[in-house]
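One structure is given below, represented as structure tokens, and several questions about it will come after.
Here the chain labels run A, B, C and D in written order, and each chain numbers its own residues starting at 1.
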Amino acid sequence: MVSAVVMGAPQQPLEVRDFPRPELEPGAVLLRTLGSEVCGTDTHLWKGQLAGVPYPIIPGHVSVGVVAEVGAGAEARDVSGRSVEPGQVVTFLDVVGTCGRCWFCTVGHATTRCPQRRVYGVTLSADDGLLGGWSEHIHLGPGAHLIPLPDSLDWRAFLATGCGMPTALHAVTMAEIQFGDTVVVQGSGPVGLCAAVLAQLRGAGRVVVVGGPANRLATATAFGADDVFDIADTTEADRLEAVRELTGGRGADVTIEASGAPVAVPEGMRLTRDAGRYVVVGQYTNVGDATFNPHLDLNQKHLEIRGCWGSDVGHLHRSVQVLDRYARQFPWTELISREYGLPEAQQALEDVLAQRVVKALIVPRH
Amino acid sequence: MVSAVVMGAPQQPLEVRDFPRPELEPGAVLLRTLGSEVCGTDTHLWKGQLAGVPYPIIPGHVSVGVVAEVGAGAEARDVSGRSVEPGQVVTFLDVVGTCGRCWFCTVGHATTRCPQRRVYGVTLSADDGLLGGWSEHIHLGPGAHLIPLPDSLDWRAFLATGCGMPTALHAVTMAEIQFGDTVVVQGSGPVGLCAAVLAQLRGAGRVVVVGGPANRLATATAFGADDVFDIADTTEADRLEAVRELTGGRGADVTIEASGAPVAVPEGMRLTRDAGRYVVVGQYTNVGDATFNPHLDLNQKHLEIRGCWGSDVGHLHRSVQVLDRYARQFPWTELISREYGLPEAQQALEDVLAQRVVKALIVPRH
Amino acid sequence: MVSAVVMGAPQQPLEVRDFPRPELEPGAVLLRTLGSEVCGTDTHLWKGQLAGVPYPIIPGHVSVGVVAEVGAGAEARDVSGRSVEPGQVVTFLDVVGTCGRCWFCTVGHATTRCPQRRVYGVTLSADDGLLGGWSEHIHLGPGAHLIPLPDSLDWRAFLATGCGMPTALHAVTMAEIQFGDTVVVQGSGPVGLCAAVLAQLRGAGRVVVVGGPANRLATATAFGADDVFDIADTTEADRLEAVRELTGGRGADVTIEASGAPVAVPEGMRLTRDAGRYVVVGQYTNVGDATFNPHLDLNQKHLEIRGCWGSDVGHLHRSVQVLDRYARQFPWTELISREYGLPEAQQALEDVLAQRVVKALIVPRH
Amino acid sequence: MVSAVVMGAPQQPLEVRDFPRPELEPGAVLLRTLGSEVCGTDTHLWKGQLAGVPYPIIPGHVSVGVVAEVGAGAEARDVSGRSVEPGQVVTFLDVVGTCGRCWFCTVGHATTRCPQRRVYGVTLSADDGLLGGWSEHIHLGPGAHLIPLPDSLDWRAFLATGCGMPTALHAVTMAEIQFGDTVVVQGSGPVGLCAAVLAQLRGAGRVVVVGGPANRLATATAFGADDVFDIADTTEADRLEAVRELTGGRGADVTIEASGAPVAVPEGMRLTRDAGRYVVVGQYTNVGDATFNPHLDLNQKHLEIRGCWGSDVGHLHRSVQVLDRYARQFPWTELISREYGLPEAQQALEDVLAQRVVKALIVPRH
């Protein structure tokens, strides 16, 4: 039997349940889970803030495991086309089922908007099997996008940034940072921290983080942020003035929103300079409206705003390369505040909700 | 003496005044005006809705004239480097003084945000001379950006689209329309009509115009719009439903706002499909705020929004080429509803304000 | 039984053979062929100039047919997700098997370089069934990318441009033509002619076609080319001088190679202005090397060169929209020189080889 | 009097001559030179390999000085609009005279192709004054683009990369490196070394340098290159095989040519993967032709090639920000092999020619 954490319904206590070990289809893969992250999405799931979630679910979308078994009759291949073998340490794209045939997949080239896509730990039901990472084993059907971790990359280092890294990598790619740019990041959770790191790996001239609480801002500084502003201590006017002072009166060349607060969006428009770029990646759930001035905040500013949704195989694959290559420079594992066993998952969720931790991992004790 | 229309102050009647014929600096140019457009900006100027206007001014920013004289001691050269000679029919960029030295000019490559730029007919004072187009003559200092009209291009055809064409050309360029895209244009004034034409010259698969009144929508149809919706007859919900029906439920690939109404902006976000693009060019004055939902209208949509401000030499130069090349296909002069002499300028302004005309020209009778 | 043209081996006479009507897999589609184009690729196939071709093959990659049957047990859906029903007139992407899983599909986002892709009429064998268009029926497996033709689009109009249109649409998209640009197209076959048309649907200010023979150049002129140069009558030096004269001495803003001659490539670099763009789409087979000067022809010119290979669902889908929308402007069917029955396929091939025709169609008589 | 090094004619020994201290125009600036780089261009100048050089010249294009005097009657302003005052340490763009009015400046937005541009130390004559950096003082006319060095940036650190940094920054910007990409740099001179550093500041997953001699490759490794290949020890076939092995058989995602050898260009095409990007920046002089296969090396590869010429104010400004911000990570001054006084300039030139040094500086002893 396989133990897994189940979220039966919003606001209900998590439970550990036993599942039968699955029969594998040809080319399917069973992972023995090394770890799985706890992410802000998991708190949204628990609060019931996401539509279309087929509770009960096994949470956990970004995970790492050892290949325990490959379903007989077909090979499993990684993204580079190599055969995947038992004993390998791999991660996988949490998104499955992207159809490759619909208008968004083939004409729009916007695969993160494919209506067929489903997400491990989010939109796949525990009734259908081990389809989430907070579990001793994870069942990956044929065609899952498998990415081996390089030997030089500690699996904890990979999980330390969790889905924050591919999400931020997508956002920072869309931000088109130029060498020497001043980049403001709104939000200091995992996505914001990763964006602040990645801005440095695009040659930003100055990286400013607006967020809180203090422990997260201290982490931002430790990971290279040049300036931090705590939203608890400063007003929007303070931040506007500070950013303008840092930029010769112009404002940020690029701003990246990773906060989740609607009010951050018009502030971000104003923090950005004329003809600058603003990427909004943090508005993952609907928590209300925002008001702005189309003339002053958008048109006269010649401002570009890009909403950024989801991530694809490329973002995850590139995240692995970046985490591996720049581990000499950034001590990823220091982002992990605490590891929790399966029975401690409820505690993990509450610690994340209370922002007592930067990154929490679920690590099944096998 | 030279007669010119003077707008002495907001809301005051226009007057025709006499000015001395100017002494030309070396390389300066004196134009004998053939015509000058009346544009929505002129109505904003008259209502006092623009900041930083040094009344009294001679209105008229996009104009055509015959070169009457070149200031002795230096050549005047056009944008292609050829000498400009008396007798040539030319237009010129209304924007002058862009410094080429500031951060926006040299590092930001956003010349339309250069703080030194001034605009003929808008931010140059009648106290400083013949610096607007509603005048028998126009005084262009050394270094003005001169663009000859090709012999094959009627000057009235050029003025028929006025500053709407370079403005729309800038916006449509930023819209990055792909072949076969469905393009929605919000607004049916000169910028919107030009955008609807230019969308066809980007290979759009369908062009939809949302605006009014009926005479402008009829013009849109005559110039190739596939569908028009009158805002007087339809609600936002009607328009959303109609556009979705035209696009297999997805929404417009590209939307271009050229209406000036703040409420059009959140509507435009919703009219656009997931991963589509929205260009906002019409919010030229501050007439209030707008409210939107950052999660639904921006982030989850993976929407790109681009504010578009001003136009540069390239936009005007390219407009001349397009007007000339595609005159066989689009009967530009039909956009001109009426021509007015200098003493009729007040009437022209009122006709534009009341939307009784599509395009009005000021044509001095020499 | 189903009659189809078979190319048994390079340089061997084509034959008409009978095939059994196939059993359809669930969701597969059998088309009754209305027509299929004869394209330059077919002449390359017959001359044996392409590697990896599994002779015998049924030629014909871009085709139109009526849905005769859908394999029971699953729906067939078009690119927009709608169910495809018997009686509909559809085309389909000739490329099948793109895997959606390899590095090029998922990380590189370069699906035309997916190693799994196969092409109807080119890299699929007649031993495996009705997998080419010069046949009374065409067998499309489950998952083929089906695109219905709009009622307003004559199937002959669609076939008149054949695979030239999606190929040119890909190239012209990569060319990033700006409004008013001077565009030179090298080559006046179907790809070149389509590129010359599409350049006008990007708002080019002038379209110049370099090619031959005279009948094709006459077609180019009829389809809107502003200038044509016959390579039989002019030298490279003549053409360089002529293009510079047309462009104020600068050269073309954009050049598109669609000729297939290696020597055209260095000439194209020189025809293009400094900081211009050059798209090479016509070098479909290896017919030798070319020599250029890296300093003068590339680096000092600040030239951008883009090789363009293959086309995807989006290019075909957009081609259908463009052909339909702009049929009022371009008389597509006039490109068809002659239609041939299946037994006349050899003659069709020879007429294309001799450039006696612009576009030849194979039209089975049912 | 002011001492300066004069290159009287190609292949003639350099001399130190005395010049009168210049009278300054209003807003002009006289710098007391702190240092000026010796660059490969200076060796080309001395060998007479560049066209249009108005010998005699004072060499030295990238230089740093202290503001000694500002011409009375007008302010001198830096790129950010601040007044420049005596005592400040500044650098300046070597390019002056870019007209801001021609087609390339205004329509083409390709200012590095403006025909009016002149370059300090290259295309300005010593007969016209102190217009090069190998001099005790440098005379900057009104309108020169001045960029102050931040207090935190040692002027030697700035000069250590010389014009290699803005040149490489331009090239790497055009290379559009994505996170995790494998980047191959051809050439290990200052431009190549800077490109290898900047690739890391774009988040490359692996940086490979192909060049020589051994001391430069050792520097490349010290500055973070993951792999180096000495062209003296390896063949093109060796390098192709090695790069393919490092990239799962695909080739480099991005290749940057900074070698100056024509034969490097076709090799670079082959080193790059299908649908990859190749930037050619090193072919600064005409030293012969190259041969390639348009089908295999360009079209079928779907390869993008970008020639990169010159640099502008933005590239220099951004270079200063990057050198300052990432000085904690890269020990710039270690690139300086030796400093030479004015009388030693001939020796400096010969050491650079013989590749005995990585970077040589001319440092006048005041």
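We take it that contacts are C-beta pairs under 8 Å (C-beta built on N, C-alpha and C of every residue); 3 or more make two chains touch, one makes a residue touch a chain.
Keep in mind the model is a prediction, meaning the values are calculated, not measured.
The chains that touch both subunit A and subunit D are B, C. For chain pairs B-C and C-D, the one joined by more C-beta pairs in contact is C-D. With centres defined as mean CA coordinates, subunit C is found 39 Å away from subunit B. Rounded to a whole number, the gap between the C-alpha centres of subunit C and subunit D is 44 angstrom.
Those residues of subunit C in touch with two or more other chains are numbered 80-81, 103, 108, 248, 317-318.
By the touch criterion stated above, subunit C contacts subunit B in their complex at residues 80-82, 169, 172-173, 178-180, 198, 200-206, 226, 248, 317-322, 324-326, 329.
If you check the complex, the residues on subunit C that touch subunit D are 103-104, 108, 110, 112-113, 248, 250, 262, 265, 273-275, 280-296, 298-310. If you check the complex, the residues on subunit D that touch subunit B are 77, 79-81, 98, 100-103, 106-109, 143, 145, 312-314, 317-318.
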